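The two complexes that follow have chain A in common; it is paired with chain B in the first and with chain C in the second.
Moving on to the complex of A and B:
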């Protein structure tokens, strides 16, 4: 069976798996974005806490993904739970780091001006610091999405959802019928999804970056 | 000393209750041996510009930031417009104090209009009122609203940004303004321009302004009063520009202001500060006979005709009035363009030399007549100042003033 023929015959399954993959990555990055920005907000004022937060997420990052998925089986079992946990953890690093960098990169004189105008802490954060740091935070989320796309494939190792299933089954019966087609379909599917998501991020960046900040 | 120097002419509507008092204020930052501000007592009169002048490290910015509590004092008492600043909520306090910093500090992600409208928005003004106020303020700082309100800060020049910064600080019409080296980063020409704009604005608005700078010439030009600060914000001298130029309190002040006092007097002395010549006054509706009588009682052969708003219209001489009766109406000949009270003596000298009128009226805010100046007036004023600078007695001064 040729590759195109394979795609056509498994169309429904492939579309379902691609949808699952996209949905998993989207939700995990969204969750990581919320958590990461919160962590960033808590620590960015203190250099020591900032170093601790980025350090800790950096250490998580060095754990090989296959090993992390494996380790998560014991407490969380198989399926969605370990997949989501691992993806969120991996997505945290770029988001936390960029949130801290973005917030501490906000010109202190602007914060001073905001306070001088009579803005309280919360208002300074919402009206000045976060909007100015937003392009950097968004870049963090974009990097996290690309990471989660790739690492998401390995979720199939713990029976997680997504296109990883194609790759793993293909590799599992290398030499057998359709094995190359399956691996190829999974890999290319992820690449296409990654490109689509990246395009979405470009658009989102355009839409959410105030005109005054665009270069 | 203050009794030997004429107080600057002040419009009557200035709010003297809007002053600032610092009483025994200190600030010691944690981990530093010497206080940044050491037991400072300073009284800033309402409606005036007071310049805090000192070298870097003198604590002048720290002192200013104590007033709006961007830095909390460790000791002392501060009142702003009669209210205990330390007893107010800092946010509330700051919304009543305009704050202008170097480089303007505009928020780059907001339009000019949003930047200016920030404080009114916090005060929960409705949208229409904010929009109207923004346009009004842009007009005030000489930026056409239609062209500027929707622009972003990075599309403006440094001078334009600082104008917007001033407009933003004025948005909710605070009685008090703090300006921290606002023109420090601008090129000399733009700086001069903005200084002039500020003085013109101040003439209209009469705010209590605390202005921090390390530039002695800027201080002399802008300040109604200057506080020269030494280490720990010690007030080495507090007085009018003339007092400081003529009578430096100590070696430190003398060293700080440097030489060239006489030229500086000319450059920074304002027309409003010298004793002007009084001439008889008249209105277009006054009876000719009365005006003749007034002129006869004065020591000039003419009177000045003022309109209902006391703006100078014409000179009227006894010749113009010869044989006239009833209201004087349009008689007389137009005056030269008036010299403004806030002009420097140098500017006044230039106008007097260039026009062929001997007598030129001096006007204050809104063109209101204040007195008359001649080359002789200026010469006498300079002579008096030089005499004072040379340390001579000023005993003859009292007789001369009239």
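Moving on to the complex of A and C:
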């Protein structure tokens, strides 16, 4: 069976798996964005805590994804739980890091000026610091999404959802009919999804960057 | 596709833990080795059944660890042999028009999932160590290439002109000015490649490429948690150790005065 024929005959399954993959990555990165920005907000004022947070993310980031998935099987079993946990953990790392970098990169004089205008701590954060750090935070989320796309494929090994299933089915039928088609469909599907998400981030960045920061 | 902003690149490089200059930098590898050996002693004394025992002998585990190191070293070496000269060539003035094209291809290539590349090659080519190495190289070459190009691009052009002005040939400028100035970025990229290769090498087990990933797959198929945990734990430790080595190498090889 040719590749196009394969795509046509399995259209429904492929669309379903692609949807699952995209929705898994989207939800995980969204959760990681909320958690990561919260963690960043908690630590960015203290250099020691910031160093601890970024150092810990660095160590975790070095741990290969297969090892993390394997370690999560023991407490969480197979399926959605270990996949989501691993994806959120990996996505957290660039987001926490960029939140800390973005927030500590905000010019102190601007914060002072805002305080001088009579803004409270919370308002300074919401109106001055977060908007100024936002492009950097968004870049972190973009890197996280790219990572999660690729790592999400390995999630199929722990029976997670998504296009990784195509790749592992192809591996299981090594040498058999359709094994190339399956692997190709899974791999290309993930590349297409990753590029689509990246384009969305470009658009989102343009729409949500404060007007004064646009180049 | 345009190249992503520089911040994205930096955040990816910078995610690796920095290596300190103090005595602590020696403490880290020591702790890693102690943790690995300690785990092996613990797991061998924890009442394993016969299946787990057969896999978790020191000889077998050492062999798998060594295979993992071989996979990592071989693929990193090949990636560098391909990416460094190519990166230098592509950053020459006459090749400048090709730069955006190469960067765009590198970006698209980077969104390919590692497991997809590995399995695809195995399906097309058959399984084994060398397929795994080729897959790893295919996966690692684009980021390393892009990193070399970015490193050379950020060298101040006035310094290049100054080199030419004092009578250096283009080749001497490359050797004496551009490469030393780009060295920190290139070396950081080498470290990133090493870490990427250790991680991806664990996937090689799926296509019979050897390495510590085999403990993970054996652990899952035979449903022996100690085997699975040993595999995961040792892969993580090896990755941390190699990251540390990459950090030390980057510091020792970087030209003084930068």
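Everything that follows uses one rule, which is that the second predicted complex is superposed on the first by the 215 of 215 C-alpha atoms of A that agree within 3 Å, B and C clash if a C-alpha of one lies under 4 Å from a C-alpha of the other, contacts with A are read in each partner's own complex, and residues count from 1 in each chain.
By our rule, a contact is a pair of C-beta atoms (placed from the backbone, for glycine too) under 8 Å apart; a residue touches a chain by one contact, two chains touch by 3 or more.
A quick note: this is a predicted structure, and the numbers were derived from the prediction, not measured.
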Report task. Quick one: on chain A, after the overlay, do chain B and chain C clash, or do they fit? Just give me the call. Result -> fit
Query raised in the report: Between chain B (first) and chain C (second), which does A:190 come into contact with in this model arrangement: first, second, both, or neither?
Result: second
Requested in this report: Using the touch definition from the top, say if A:131 reaches chain B (first), chain C (second), both or neither.
Outcome: first
Query raised in the report: If you stack the two complexes on chain A, which partner ends up touching A:70: first (chain B), second (chain C), both, or neither?
Result: second
Requested in this report: Would you sort A:210 into first (chain B), second (chain C), both or neither based on which partner it touches?
Outcome: first
Requested in this report: Scan A:61 for contacts with chain B and chain C and give back first, second, both or neither.
Outcome: second
Query raised in the report: Once the shared chain is lined up, is A:113 touching chain B (first), chain C (second), both, or neither of them?
Result: first
Report summary line: Expressed to the nearest 10°, the angle that the Cα centres of chain B and chain C make at the Cα centre of chain A is 110
Report task. Considering only touches as defined above, state whether A:164 meets chain B (first), chain C (second), both or neither. Result -> second
Query raised in the report: Is the number of chain A residues in contact higher for chain B or for chain C?
Result: C
Requested in this report: Check the superposed model and tell me the shortest C-alpha distance between chain B and chain C, rounded to whole Å.
Outcome: 20
Report task. Name, in rising order, each residue of chain A that touches chain B in their complex. Result -> 109-110, 112-120, 123, 127-128, 131-132, 210-213
Query raised in the report: Tell me, which parts of chain C touch chain A in their complex?
Result: 1, 4-5, 7-8, 11-12, 14-18, 108, 110-117, 119-120, 122-124, 127, 195, 198-200, 202-203, 206-207, 213, 216, 219-220, 225, 228-229, 231-233, 235-236, 239-240, 243
Report summary line: The residues of chain B that touch chain A in their complex are 68, 70, 90-95, 99, 101-103, 105-111, 118-119, 122, 152-154, 168, 178
Query raised in the report: Mind pulling up the chain A residues that touch chain C in the complex?
Result: 55, 57-59, 61-68, 70-71, 73-74, 93-94, 97-98, 101, 135-136, 139-140, 142-143, 146, 149-154, 157, 164, 167-168, 170-171, 174-175, 179-180, 183-184, 186-187, 190-191, 194-195, 198
